[in-house]
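Note that the chains take the letters A, B, C and D in the order they are written out, and that residue 1 is the start of every chain.
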Amino acid sequence: MISPFNNDDDHDDKPREECGVVGIYNDPEASRLCYLALHALQHRGQEGAGIVAATRDGVLNSVTGVGLVSEVFNESKLNQLPGSHAIGHVRYSTAGQSMLKNVQPFVADYMHGRVGVAHNGNLVNYERLRRELEENGSIFGTSSDTEVVLHLIAVSKKRPLIARIVEACEKLKGAYSMVFITEDKLVAVRDPYGFRPLVMGRRSNGAIVFASETCALDLIEATYEREVMPGEVLVVDKKDGVQSYCLSQHPEPKSCIFEHIYFSMPNSIVFGMSVYESRRMFGEILATEAGVDCDVVIPVPDSGVVAALGYAEKAGVPFQQGLIRSHYVGRTFIEPSQGIRDFGVKLKLAPVRAVLEGKRVVVVDDSIVRGTTALKIVRLLKEAGAIEVHMRIASPPIIASCYYGVDTPNSEELISNRMNVEEIREFIGCDSLAFLSFDSLKKMLGGNSGGFCYACFSGKYPVAPNGNVNKVVDFVDDGLNGSIQSIDGGWLQGSEDQGQDLNHEEDN
Amino acid sequence: MISPFNNDDDHDDKPREECGVVGIYNDPEASRLCYLALHALQHRGQEGAGIVAATRDGVLNSVTGVGLVSEVFNESKLNQLPGSHAIGHVRYSTAGQSMLKNVQPFVADYMHGRVGVAHNGNLVNYERLRRELEENGSIFGTSSDTEVVLHLIAVSKKRPLIARIVEACEKLKGAYSMVFITEDKLVAVRDPYGFRPLVMGRRSNGAIVFASETCALDLIEATYEREVMPGEVLVVDKKDGVQSYCLSQHPEPKSCIFEHIYFSMPNSIVFGMSVYESRRMFGEILATEAGVDCDVVIPVPDSGVVAALGYAEKAGVPFQQGLIRSHYVGRTFIEPSQGIRDFGVKLKLAPVRAVLEGKRVVVVDDSIVRGTTALKIVRLLKEAGAIEVHMRIASPPIIASCYYGVDTPNSEELISNRMNVEEIREFIGCDSLAFLSFDSLKKMLGGNSGGFCYACFSGKYPVAPNGNVNKVVDFVDDGLNGSIQSIDGGWLQGSEDQGQDLNHEEDN
Amino acid sequence: MISPFNNDDDHDDKPREECGVVGIYNDPEASRLCYLALHALQHRGQEGAGIVAATRDGVLNSVTGVGLVSEVFNESKLNQLPGSHAIGHVRYSTAGQSMLKNVQPFVADYMHGRVGVAHNGNLVNYERLRRELEENGSIFGTSSDTEVVLHLIAVSKKRPLIARIVEACEKLKGAYSMVFITEDKLVAVRDPYGFRPLVMGRRSNGAIVFASETCALDLIEATYEREVMPGEVLVVDKKDGVQSYCLSQHPEPKSCIFEHIYFSMPNSIVFGMSVYESRRMFGEILATEAGVDCDVVIPVPDSGVVAALGYAEKAGVPFQQGLIRSHYVGRTFIEPSQGIRDFGVKLKLAPVRAVLEGKRVVVVDDSIVRGTTALKIVRLLKEAGAIEVHMRIASPPIIASCYYGVDTPNSEELISNRMNVEEIREFIGCDSLAFLSFDSLKKMLGGNSGGFCYACFSGKYPVAPNGNVNKVVDFVDDGLNGSIQSIDGGWLQGSEDQGQDLNHEEDN
Amino acid sequence: MISPFNNDDDHDDKPREECGVVGIYNDPEASRLCYLALHALQHRGQEGAGIVAATRDGVLNSVTGVGLVSEVFNESKLNQLPGSHAIGHVRYSTAGQSMLKNVQPFVADYMHGRVGVAHNGNLVNYERLRRELEENGSIFGTSSDTEVVLHLIAVSKKRPLIARIVEACEKLKGAYSMVFITEDKLVAVRDPYGFRPLVMGRRSNGAIVFASETCALDLIEATYEREVMPGEVLVVDKKDGVQSYCLSQHPEPKSCIFEHIYFSMPNSIVFGMSVYESRRMFGEILATEAGVDCDVVIPVPDSGVVAALGYAEKAGVPFQQGLIRSHYVGRTFIEPSQGIRDFGVKLKLAPVRAVLEGKRVVVVDDSIVRGTTALKIVRLLKEAGAIEVHMRIASPPIIASCYYGVDTPNSEELISNRMNVEEIREFIGCDSLAFLSFDSLKKMLGGNSGGFCYACFSGKYPVAPNGNVNKVVDFVDDGLNGSIQSIDGGWLQGSEDQGQDLNHEEDN
């Protein structure tokens, strides 16, 4: 599902996915298919996009740019990218001053050839790796964690290149779903915990496709085959076809549950499950566990739509389009100096008085981060005549930052970290408020529930985020687990190796 | 409701609204409010936008540009538009070679001052008026029909300016909702038939606002007061406040029913009725009159959503989001040369297999023009696993072109003009197809049904489109009315004067 | 010769030519030749450029833009201008807020076709003509005087078009060298006084070329045939070839002497004389009449170069390049806030110490307007080591503004209007100063001297500038002519008709 | 002197300077002064420009761009460069596909800080150094030789940074005049042979300035103090002021004589001599040694002007401006398909018939590279009426490519490498042709003559260009030196170490 308030940071109250990746092997129009696949993944990152393609004689050409896929590429740019294999990337970033150089894929020249890489995730030991590399004379050209991978490959003494890639990946900690391109190969890697998604598909002409979500496969008419497994390295080339290798670490997977709650498109299959189905069930659970007398159920579009449908159907209450989302919100919008109340939200969401007036309204959204948007939406609905507003959130409260590729605010800004549900209800001004309970979420996931990362709901990190020292204070003891240790001590180190066990206990 | 396939003419199968207008009087930030109101009216025209504002000392400054409101304006452009009254325009156009000069508002210098104008509609006697003016030495700078209004004002010998505006308007035939700006006045005019909407509102500081739809009033916190009446001329200035004049012609109004079917936003009040309510009732009628056994009801987003909700509720069948609309479709998109089946539709609409697989599906859309998109949507749904696809259209068949400000294809291209319902069903490949019946539509409108223009469904034109000779062959005798006369003859002339009577009969 | 300080108004101290025009008839690449000819005329106007070309079937296509010829046009723009006849224009203007719409050629639609026009000059009765036209309902789209010509043609009742053009031109007062284009004709007109130049040439393929200067003919390999005569109307078409008509007024010509002093390129033949030769002789006269002991003669580049060569040769003193002109001065240049003395001049002119140090220097420039640049140049030369600086100016003192197409400051700003030669010398700080004497100038011109306009040196206007009321106070009684009359009275009217006689006396 | 045909490679027949550098220390407006100094150095490179400035707290900000200094920078860009020390660069390059990333200054992050560098010259051992660095894991981001310096600094184990810079520089072979910037220091280095110029000056506020030529000092009101000596490392900081270090190699200097012939501005002092004086003397020598009966002496502007003045004065023949150079030649110019003979040259140079007709003309240019432009100029002059054209070239014949920072064609393209003087004369079609003789050039330089590099005239390379293997075949035995050895062997290696000795012999 697409970010409802993209391009307007002030009024946004959603976590941010950081990237989407794609790779195509052995299709005469590899770069064009990359471009379309990136379009299908655009919701995963709107600030930059790029493609690297390898020509028949092994030259890697690259086009990257700031903006949407449709802004970065045109016919002439795509014509600069001939060849039958290519990788691509869409990027979300905290806008830096020289963003262009941070737009992926990155390409590096080595002695024995060139390598390009596109990365979705976040490396928690980036700072340390970079420091070590710089001490040995490496010069960094970007401020992106992804660049360390290229330097690790460059300084590796292994042969052939695939061995260097594996050696480099084994030094990484954190979340990484990556695709690499070389003169003649495509390589897809997913970190041992499998934090971020990565799937493989095949086109009818035999071309292999890797992508963050299946919605990209659908657009380019590739059939979904399977996930790239956590810890798996898939190498594709002309000689050997697709070959699978494993990274040495084998923890229990910890896939990001927020992909199902918010990030992925509802038409995607992610971690083997339909996102649409997950969201519909979140809504049903809410209706069952937190039902309330009402006249109409409405979503916060677009992210709340499917859960609201599930809620309405289960509750037997009419679903209506009580808020209309604008399709024309640009990058910046100028407000009159005299001010318009809740300006940013009004630009994007228009209430429908015909639906709301005199009604008791249940409004369903996917999550609450800071609570600032929820507050405005409640006010909007009441001003449009709703006599009661009951907010239902299709995820548990977010109490901790993510270190695995999602941009969440610091924990002080997370409203659920500062207030209990009743306090939040009062703050946002609705008549009742309920979240999806953590237990119900896990129950719904059933036998798979141990395979997901819930760090943002629990504060339990499968991989210690010690690379980001200034954020470690985010750590929160929510009373669910007695084994939490001091911040200066062994736990962080320990959790790096055993995180999955700690969580395994907790999750069962 | 917003055009679902904007910016991609090949795959579009909707009529096109040609414009939206706005005017603000006596607000210190008039141009900024115009800009926001235009944003709220963006769905009425995406190809160009402009604002003219009058400074305290009577200078009219103008900023116009090609593109979306958010692309045309920025802080510095708005700063070039000081003053407390302003008018604005968003434009849809058949892209000409020098589009910029056709972007409204237009401004002209006269002996005694300057006038700016923004126009929504289409003048059927434009060619004749232009020829007459040119014969007397007027030079035209644009190919827009709106320019004749300025020349008619310029050659008028009346005093004061308001009398010249009235004299000019009385020479116009066709559809016009217009706002004029002068050094110290704002003038709003609606043609005697009231084809296109125009409403008046007021901000809490007393500022008067005119706009095509109430959704623009809502965004800038103006309270809706009333419509500008058909044939009414409203003049606003400091001395006399709001004064109302009447054009001399008083036919029965003929408001465009398509505003309720497709053009206007569902949260708008148009011609005194809620658009959302109209659409919901269209869906209910379809469910009642053309129900079918099914498992799920889905809309073609966004234009079919409200009618689909009405259908689903009335039919007691679950409503689901079976097609996901992309928010990122740009102006142009590059397809691989090997081709992707139904490429254009797939870029914009992604089917959700979890909703569709193995299901009997009712899909609701607002209208069918050429039928090309409907064909692709049915195919998309079947490929995603739907076992039956039943299409329900929330309007009667479109059989005739519009001459009153809507861009419809020539009648040869209108599928309902060439095929009956069963033939269309076969063409688009669905299992059943039903349109909203013309009679039910009129019954639903009840006592007001005589006040609407149904020319696109009936071929009966309230005002003869004789200015567009090459289109007159569109005229269709659908057997509803025996009084149709020959094309070369008196009817056309007659209908200009009595069109409303002919239609009055027909409609009752 | 090209303006030495183009693009930097603050530090410029030259009059400004307002335009250059070109027309090509019957060449398969008419628009490309126009474009090259405009490049050769670029020194006559750098703020805008445009071309209008007529296709075989009579469509007039137009491309205009702000900036240099090389910035406005590219391959694709020129491809939009097919056809075998075309006109072009380069424009200098006092930058207005909406400059683009003022860029010529202008094109107008009439009942019986389209006409395009490009104009070099200035119409002194523009305000009155515009008022009359507006009173009769004409709407003006630009603030350019040229537009009245199009309206006069539009309101003319004459047939055929050429008769309308002649009727229109006979209503004009002032300076106009114009080329018109219609579906099948090219028309060149020069006002009865012949203020501004206009020549005719022919290419080896028979194509006819009109241009402001012969340098444009040279570049496109056209042979110079003759001037368009003052008061002549030349019409070129397929049927009749080149035909000559006369406007009814036949005063003595008054060609602008400043074309020889400064505006035209030294390689041009203007008014039948070599510009290079004129300037060389100005320098020789200065050496003869105002010689001084010195070690080196240097020019202010580029406009003083040829006169300096004449001076040096006559005086028998070495000519050196004591000031180097930069080729890279852009539109704007940012100065440190701490300031650099004589910044603007230093950016453009670099003194050569090796030439200047310890030397007595004669520096030759073409004219002095405000004196501000001369002041800085003298300072620059002294700081670089010159022990004496003697300034020699290759024109008489400028004491009056021009109303015939040259942008001069108001007379209060003209240093020669406020100070005598000794005062100016003191102001600019040189050791001696001399101007070319008015008498010597006329003596040099010999029998032709009556055919030139010297209004800027004498204040005697061949055509009364009464259209520009606010500038009439510029009028200066320099004691040469006792017949000056009151400003409110008959003189202005009289001089319009007999100006040439008055001046004839004065000039002889 | 500025390239006469900049921006039009097809018609250019000049060697190309590759860069200009500047550095400012301890001025509150360091970046603005850099910007002005780069403007003064614009003739040394027009394809890109950049500035890096260090803020008070040690952050290095950078702005680089493609195009002229005036295009790359504006007020807002300069405001992004606060701080009191800065370096800048203007770049000439053979336009690559991703030019922007090659625009200097380059900046690198190290463990202990950041370093920026701007480089004028060419490193002959770049390929080898890069290969060695890549073997050890360095990743290169550009294709510029300058980048190796940053990697050499990065991998150095020395402390402090200045020692690392020295260690890095000592590994370089070839030509380098470089300025480095760090958080608190400015460092200027010139290679031991001093191929390219670099001077130091001081502003009245004490700020230290480094620049390629003194013309940059003049513009920003800095007083020229001295050259940075060959092999010298100058370090400027707050604590110690200016400190001088030496690189370990101490060969006899080999300064580029072409700086005096063509590259530098005539108002600059380069290698301690006035460029104007050198050129004037080249002209005098030509008049003395290769005089011819003639009526007029003209230069090819601008590069031939000063030598032509020297020739004319010595010969006692009038100097005239027989060719007018256009100031408006843009990046590309579109020619009619029917073609215009010698189009490119005509766009830039317009002959003056008044000067040339019926005359015996001596035309002076600075050099001949391929001979293609000379051919066209001769034709132009004859077509304008010259009855004899005698070409005089103010430098010896160019027979060998440069490897020290000048872009010359391959030796096969050098006309003097393929033809003797009489053959060239015949090729270009002039009546007589003479070059400055090598011996006279050295005689003129007197005691300093051993300190210059004449490789382009002699084929004797002070530093073996073995890094550019594909160009080594350029090597030419001109009979002046019997010690030339085989290409595969010891000489190249030997010359790297003793090149100066070999040349010392040869040159004396």
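We take it that contacts are C-beta pairs under 8 Å (C-beta built on N, C-alpha and C of every residue); 3 or more make two chains touch, one makes a residue touch a chain.
Values in this document were obtained by computation on a predicted structure and should not be read as measured data.
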If we look at chain A and chain B, which chains touch each of them?
none
Neighbouring chains common to chain A and chain D, by label
none
Chain whose average C-alpha position is farthest from chain D's own
B
Separation of mean Cα positions, chain C and chain B [Å, integer]
52
Which whole number of Å gives the spacing of the CA centres of chain A and chain C?
65
Cα centroid separation, chain C vs chain D, in Å, comes to 39
Residues touching two or more other chains, restricted to chain B: which are they?
none
Chain pairs in mutual contact under the definition given at the outset
A-B, A-D, B-C, C-D
Chain D partner, complex, touching residues on chain A are 80, 98, 108-111, 131, 134-141, 150-151, 154-156
Show me the residue ranges of chain C that touch chain D in the complex, using the header's touch definition.
2, 6, 28-29, 32-33, 35-36, 39-40, 42-43, 46, 68-71, 73-75, 78, 215, 218-221, 265-267, 274, 276-277, 302, 305-306, 309, 313, 318-321, 324, 326-338, 340-341, 346-347, 350-355
